[in-house]
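Okay, got some structures for you below.
You will see chain A twice below: alongside chain B first, and alongside chain C after that.
Coming up: the complex of A and B.
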């Protein structure tokens, strides 16, 4: 199945020379990231290596750093995985998990919780608002596009839902009960893993897991789609099935991620591009490496936040964009050069 | 497209529903756990305290000593500075030491500062954590689950709120006497200001950065009223944050313009509003006064300092009123 275009094939070709499994690098990298994430904390005087005072080492490790590390893994993995699946499905390198409205729906749900002042009561209400928002966005997408819709219709419906959710979010900002609430809403839109607990991991995981499985079930269909819709259908992978598997899986897993961490950009967009020259262009082979790389990238971004000089924590979405944007640009430039050669 | 496709779409919808149910059950469970914790069912509260006590070295505790206090919010930092004994305070949040933000920056700078994360607070290991009700909900919940006593203080919307909050904090940190003393002082000051109230209030517009003014009801509005000012925009009905357009101001010139520049040196769109040419033209013909933004931002016993400032400005406006109306001057608009 070498259905890629000549330009992309040359990219794949250069990478094949490495001829090592991506896991040889990605798995140790991920372990290193996890270890660092558990090892590096942050106090008023800046980064802190190790656990410090033995009396509080237990709670610091188990109740503060471990949930944060797990959540970075799950959220980053989800973003990488769904980014790869969506780029494969849409056969468009600019597709990213936020495209279909699930994350803006989740953000809106969370923001409405802020707006009605419920977030003050408990930190669990906020993610639940987010989950409700993303499920509602998926329902709306399905309702708007219809079951038999083609991809263009779905993408357009996703864009419409995105715009609508963004407008409602701005409206909530405008009518926020106080400047404090507005500031909290704004911070939410930038994404963060700070001070999440194991409860948030347990809230996100039951939604992420079926999401991942749906995307996994679409893997072969995605490979078939690289040959074109008609060929895929004749091979026994009806495009509509692949389509809804990916969309449903993305909406579930990304919705759950945004619901607990806020909006974290760029991971889902960049990670598949980072791996494609190495792993090749079959969407199926990209999925798991993208999950691992997304998790590693998010972990490293979160570690970067913690090693900054003393001050209020940077927001994770800001750091992933800061890391991701130059990398993306460099990829584009390299792609251009190799295209000329 | 195919029956298989539709079957899978239905399946995925089913998974959505299933996931929602899972989340619902989880939430229900957590809710149940929480509601039982909300009541003072001793076992949970006790176990949390026991866990914390176990962490604390046994010798560090002195039965008769006042509880140690950490604050992770600008407004509660200042409340704590008013109410607590200095020996109780283990850390305050970083903004409280910033003179642009805090009315008690000098006092706050004597204490270790925090940036409001759970890991930091864990290292200070206070008995009580005072937070604002809009302080990061994740941090507050996590600290609560780690066994800390968290006191959530709402933003103050009135002078009564300040009393409530002073008492709330005082009660939580074993300083009830000091709290009552502060409330008595506040009431005496308020009574003195009330006696001074003139029968001819001064028409005033407060201009805050970003074109905001003082809405009513609010703490700022109460402070203005107490200083003998009429809050002109409030009489016309404002939205919740009290937005003010420069044009409205041109149509309804006040006797007194109060500016509350926030970080006036730092460029921002919000401060640009304060430098609007039309606003400067009105200001050139009107009595003006400056009140630091930090004085308005939190409800504190020393919020009454703003009243004293405003009273002096009102006196100046009244004497200007006697020496010829500002309005007439403004009516003969330039050009």
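Coming up: the complex of A and C.
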């Protein structure tokens, strides 16, 4: 265990402490992001500042900007929160919400809806398919790993579910009824907040809320796990309980997020990493700041998309991957250097 | 005030680690749980800590642990596993403060009572000067002291420790054993799994000798760790003496 200690510790970055509470920065940052997101829009001719004519200002704000801002907030917050919880649970700074198969399950569920051409019937069928896929993936995980399973089994089961979902998604693409359907599936999988309505918010929120609560209930258990599974259990926080709270919470909230926006990667990986030294490496203190920062990062990424020059709109998942991948690379390089030292 | 293990048995699949064992351990004792490798010492300790499924029942002051809540149980029995550590680079004081978790309600912040317990535990283990150091940068001896302080900070009437002195130099071994003995003298029931029979004989007030998952000796150190018992269960011949009124039991030679 001491080997794992030094390994994850050095990867977790330095224990540099800032005496300022993270909320002092994150709360104003999130407010600024929300304000900008409500103020900046996009039309076919490129970015649009303000709300336009008084006649359309109301509908623009309430029917376009507000749902998009709310969704970015909820989805980004969910990704940041669940990333922080999973990294605490697995005591591994490389853990990510996609790890357990909830997102790929949701993606598969949505893809199947496209494949059978049901998406056109009702805009709600698509997110419902995603939620069903996420819940099915969790059920499968539970079935494969069992009630008291150790984390290695759970991660392996997650990898298997991811691979299986990816294979079925490819199969659906392979047999797509038309090139147009294939393209539609691909675009959806890239992840986007464009053209979402308040209905999507209302659909995702009832699943996200209990998901967040489950993760919140695991908070102290995550702190206890810092000392290893046996010590956590002796402190009154059995690892199995913490584990299923986090996994259930992640599946519900991330599943709901993917179901309404498609796959948005790297937010759940990058955000806990940046904030961890700031909260003194306590998994519990990391949760709420990661929600706020995840929401802010997603909002800013989505704002960046809207201020791009005229042309086809960039997908949000593409932007977060473009930001996240170099970050990930830098993490590996730094880890390598510290390993040499 | 006793910890009573009644017909406790532990099995991993088909393998029986601990056969039906009944044991009564009183507050104020430092009990050395000794025996050759694979005797079931750690399994018995883990069962007492409620960490492995087991048959039989365990009760503290006649209250079965199974009937206690999670946190109540954690406030009764502290457990220090073998080769523990922290997975994140927190400071020693923060690590010790995690021992206060069973005393805090959801979202309750640690108060002066908790701060005092942490400071006291650090002091007992001569680790006060390490408080602000990162645990991943401590030496083995320093880390062992901080981890023991974490277990003491829970302030439980029962303390179970698994191999607290392995891979420590002689000075730190004596230091840790002294802290355990002090805790017992203050009224805590301390049960320690030990491989070092010399230190067990020197510091423990009672020795429970296990072999093949059964208790084969129980009583005062000198009587349990007799030359006959060491020959039979460990296959070694000891050098036995007394020094300043304390027993010396030194494994001397392997018996073929």
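Here is the rule we go by: the second predicted complex is superposed on the first by the 309 of 341 C-alpha atoms of A that agree within 3 Å, B and C clash if a C-alpha of one lies under 4 Å from a C-alpha of the other, contacts with A are read in each partner's own complex, and residues count from 1 in each chain.
Definition applied: a residue touches a chain if its C-beta (ideal position, glycine included) is under 8 Å from a C-beta of that chain, and two chains touch if they have at least 3 such contacts.
Keep in mind the model is a prediction, meaning the values are calculated, not measured.
Undergrad: A:202 contacts which: chain B (first), chain C (second), both, neither?
TA: Once the two structures are laid over each other on A, A:202 reaches chain B alone.
Undergrad: Just to be sure I read the superposition right, which of the two partners does A:280 touch: chain B = first, chain C = second, or both, or neither?
TA: So A:280 only meets chain C here.
Undergrad: Based on the superposed arrangement, let me know which partner A:238 touches: chain B (first), chain C (second), both, or neither?
TA: Touch partners of A:238: chain B and chain C.
Undergrad: I want to verify the contact counts: of chain B and chain C, which reaches more residues of chain A?
TA: When the residues of chain A touched by each partner are counted, B comes out ahead.
Undergrad: Name the contact category of A:35: first (chain B only), second (chain C only), both, or neither.
TA: A:35: touches no partner chain.
Undergrad: So, does A:194 touch the first partner chain B, the second partner chain C, both, or neither?
TA: In the superposed model, A:194 contacts chain B only, not chain C.
Undergrad: Using the superposition on chain A as set up above, list the residues of chain A that contact both chain B and chain C.
TA: Residues 233, 238, which sit in both footprints.
Undergrad: Along chain A, where are the residues that touch chain B in the complex?
TA: 41-44, 48, 52-53, 55-56, 58-60, 63-65, 119-120, 122-124, 126, 128, 131, 135, 138-139, 142, 147-148, 175, 177-181, 183-184, 194-197, 199-200, 202-203, 206-207, 210, 214, 233, 238-241, 244-245, 248-249, 251-252, 310-313
Undergrad: Per the contact definition, I'd like the list of chain B residues that touch chain A in the complex.
TA: 1-2, 4-6, 8-9, 12-13, 15-16, 18-20, 22-23, 26-27, 30, 34, 55-57, 91, 94, 112-120, 122-123, 125, 132-134, 136-142, 145-146, 152, 155, 240-241
Undergrad: Inside the complex, what are the residues of chain A that reach chain C?
TA: 1-2, 4-6, 8-10, 12, 14-15, 91, 220, 223-228, 230-231, 233-238, 276, 280-283
Undergrad: Residue numbers of chain C touching chain A in their complex, please.
TA: 46, 49-51, 70-71, 73-75, 77-81, 83-91, 94-95, 98-99, 101-102, 104, 106, 134, 136, 150, 154
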